[in-house]
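One chain, chain A, links the two complexes that follow: it is found with chain B in the first and with chain C in the second.
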Partner chain A sequence: MKNSRWLYQVFLTEMRKIVAYRFDFWIQFLVSIFAHITAAYFLWKAVFEYNNTDIMKGYTFRGLMFYYLLVPLIEKIINGSSMGLVSREIYDGSLTRYLIYPVSFFRYKYVQHLAGTVIFFIQLGLTVSVFLMLFGKPVDVTISIKNVSMGITAVMCSGIMTFFINTSIEMIAFWADNVWTLLVMVRFSVALLGGAMIPLAFFPGDFQQLLSYLPFSYMASFPIRSFLGKVTVWQWISGIAVTCLWAAFFILVMFFIWNRGKYKYTGVGI
Partner chain B sequence: MIEVQNINKVFRVHKKEPGLAGSIKSLFARQWIEKKALVDVSLSIGEGEIVGLAGANGAGKTTLVKILAGIIHPTSGTAKVLGYNPWERQNEFRRQIALIMGQKAQLWWDLPAEDCFLLLKEIYQIPERQYNENLRFLAETLGVKDQMNIQIRRLSLGERMKMELIAALLHNPRVVFLDEPTIGLDLTAQRSIRQFLLNYRQKRRPAMIVTSHYMEDIEQLCKRIIILRHGSVIYDGSLNGVSKDFTSHKIISVHLKDNNIPVRFRMPEKLGAVINADRGSIDVKVHRESISEAASYILKNLAVSDLTVKEEDISNIIEAIIRED
Partner chain C sequence: MKRYVRLYLYFLRFSFSRAMEFRLDFFSRIIMDIFYYAINIGFYKLIFIHTTLLGGWNMDQMMLFISGFLIIDAISMTVFANNLWMITEYINKGDMDYYLIRPVSSLFFLSVRDFAANSFVNLIMAVGIMIWSLRNYPKVLHWYMVLFFIIMIILGAYLRYLVRMIFIIPSFWLLSGRGFETVFFSLNRFIERPHRIFTGAVRVILTTVLPFSVMASFPAGVLLDNSDIVMVLHFFLIIVIFHFVIIKFWAKGLKAYSSASS
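Right after this comes the complex of A and B.
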């Protein structure tokens, strides 16, 4: 592609930045998995024992643990490494750098996001391999090339949608100094309504139907279930379509906010 | 090359009363005040010209630079830089300018300088040969060839500033905005950066706009100076012209034949005043119109070995203008 070598260079530079601090890189990775798995393990162990059953809503205990293992990894892939960065850059004036460069700001930011995605995909591959080696494949989980391809596509589409959602929210920093709370609210909604805290299969059917129209489930539950082989091809196609529709909506929102916000930028700190 | 017509910039800032009560009050009702950062600023800068922007804190120097570099939009007025409207931020415009901010690092802290330069090479689409030549020239001239592989955050302030200069100049910009390029640096680093900028300008001849609190930067780099006060241009002309426009005095420096200054020596008030007397040297501040009369008086009353008439120190004059003395 003509004049797109810079995108590749941004991608490489971002990867270098992410792995520049290896202690932080591994600790973040291990702690987030450990926290998720430990809490889920004790909670669901008690639930399964209380109900005296091996399978609940299509999930075995080991299958659920595999689900919870994927939650922090998929969330990291979808959110990339640059969450909160745009708002910080607007707040402290670092955005100036990108306004000077003769390249598209959003392309730059998306490639930065993508670099995080690739690094965290590697972490996902490593973790899943270790889990399968140690505990074997849960019986309710199907791992196949088809499921992995469907999962990767779902994650990539969710990543694009999440980038547009997060960037739109972060650009509110043109008016409000601190937008971190809004980002936390999105994460909280993903946890509660997106299936990161409790798989959506445990929710009532009507509510599940309602949630399938909102973007939150496409930021956690849908890509995870695609990987686990828990969606039919038709469900997957409609899931991808909804993700793309939300992405299209938020790209319009993002440019709308940018076109107004750029007049508010004062480049503080210089 | 740079044409600015009646630029105004008004910032709307929120005012908060001090203390916890003020903070709580501002949660419900906010008071806003309008701050005029630039008032009717017009100026014109030609190709290869190097212009100093001087003014106190808040005078509008950086705001003007930000507008000309396309970072912020003016409230009203027009500007053309290289024929482009800066705040439309066309890529062709951005490829030809550079902004160096002494107070804000633009390079990536966690990466070595060379990695940052490689990224900029692609962003500015610098041909391989030009990139290598420019990098070699800039790194050698600034004496940082051996620091290129060290993480930016591990470099000293002076070295970091030099890397920022390299990053900004790699693509041969035609217009360079330098905002406080020597701020916080020690005297040696300041001198070396000034010398580099002079050499660079001689070799590449870009137009340069320099803002600085250090008058030495302006004096050594610029022939023309624009002085801003409360957002308005109060002087735009040659550096030497500042003395003529803003001071009615000159200094007569006298060296005596011996080191003793007669105790009884006094200058008549209407001619001027002694501002410095030390070991056989006297400086007398005199009105421009009274120079010959004052010189005759001194020659008649003192045993003079040498007498020179000079302008007041330009940096003192500019500082006085900025301080509104």
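Right after this comes the complex of A and C.
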């Protein structure tokens, strides 16, 4: 009980930090969603009109827009708000305080990550509700308790895997002068190979097969398709299994780097 | 003018020697930009599996447009990005005094002081992609049109800088982390789409008040769709207007600036 109280405090503090600049927070959110959807709308409108068709690769135009609406929302939930924080703390020496706290560093960091997850889940709920109220449910999308539960589970598993991947990369800061470029490379990879820029159904068949073994599609496409009801129960189970395998791999990598890196840490400013 | 050129050459020399001090950073940035180029080309290659025309352009034409916005991105990353990233921080912390007391324009000094030598390598790569696209273009392109296209692309990069400043300068009045800069990055994706796919009010906005569609798509339009004088005039008029707006806006912002040390 005593143990969970500090977790709760860290969680609340992080939530307050995320919404501290409220005006910025909502402006950023609304503009990023608007820009993302507008760019996708006009691009795909041109493609659908050129092909003179109502459905492409199993997506209607409205279904595709719903997919694109979910992309930035799901990505935010999965990435949380703490990206770049660990490396910054290594550089400026503020990591020292975690070393003397009587708490686990990784639990502390994951609770911070989770605070972002909760806030961004609220944004997801609000945005999807507004979309459905304004435009109705696309015919190729199935919204049910089963799909929503599958989607939430996929997002949570993906969030854990992404946390391990990002933290592993950030801890390279023990040796390297700059790691943000590596984080950006992961984001670029998720953008194309994870299905954030274009759904994976539009990739050639062999390529889709190959991508199903890599972690990128589980950081965007898979959770979104779970929400939309575009995966069967068997595909969902195998997707969750692959996500967990990657998460298990990266937790080993993370602890390996941590155990070596902390001896390299010089604690600037002590 | 001569003084500004000499000063800029000093900036270049200092930036290159500093870049070579942090070699890992130097190479990782190059790889990062290669990723950016690859995903953009890959994205359009995938789109063109499902269509043969987009905004009136085929894949050969689209490659010229892509090479244009990659060069704009590379110029922005090389010349401006490192500097502009710091401006909001200087404003928020009141750390701009050092730049304000120099005997040169503070806007010039703060915008171009740090030349990103590593991104310069990527600029060479982006130029390589453009040369490749031009060589593989199946129709004849007159050399003077290609030259005009290149000049417009360079000016497009300058326009991107001006538009980004529009989103940075409000930091003088707003008590916020990065001002509206993150909004700029969200809107930046419109540079990467051909202007002819947009219609109605969105097209009007993207070619006037938020001229993201003007930066790379107009130069490609002038090259590929037989030079349209209205489009050329529109392009230059937007740049001139934004240039003067930024100078005035910056001067107003400086009046609102409060230093942390004085």
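FYI, the second predicted complex is superposed on the first by the 266 of 270 C-alpha atoms of A that agree within 3 Å, B and C clash if a C-alpha of one lies under 4 Å from a C-alpha of the other, contacts with A are read in each partner's own complex, and residues count from 1 in each chain.
Here is the rule we go by: contacts are C-beta pairs under 8 Å (C-beta built on N, C-alpha and C of every residue); 3 or more make two chains touch, one makes a residue touch a chain.
Quick caveat, the model's predicted, so the values are computed rather than measured.
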item	value
Partner chain(s) touched by A:M185 [first = chain B, second = chain C, both, neither]	second
Chain B versus chain C as contact partner of A:V47, first or second or both or neither	second
First, second, both or neither for A:W258, with chain B first and chain C second	neither
Chain B versus chain C as contact partner of A:V103, first or second or both or neither	first
Winner by number of chain A residues touched, once chain B and chain C are compared	C
Touched partner set for A:F121, first chain B, second chain C, both or neither	neither
Touching both chain B and chain C, residues of chain A	21
Footprint of chain A on chain B - complex, ascending	11, 62, 66, 69-73, 89, 91-95, 97-99, 101, 103-104, 106, 108, 110-111, 115-116, 118-119, 121-125, 151, 179
Of all residues in chain A, those that touch chain C in their complex	21, 23-24, 27-28, 31-32, 34-36, 38-39, 42-43, 45-47, 50-51, 56-57, 176-178, 181-182, 184-185, 188-189, 191-192, 197-198, 202-204
Complex interface listing, chain A residues touching chain B	3, 5-6, 8-10, 13, 16-17, 20-21, 93-94, 96-97, 99-103, 262-263, 265-267, 269-270
Residue numbers on chain C that touch chain A, as the complex places them	22, 24-25, 28-29, 31-32, 35-36, 38-39, 42-43, 46-47, 49-55, 174, 176-178, 180, 182-183, 186-187, 189-190, 193, 197-199, 202
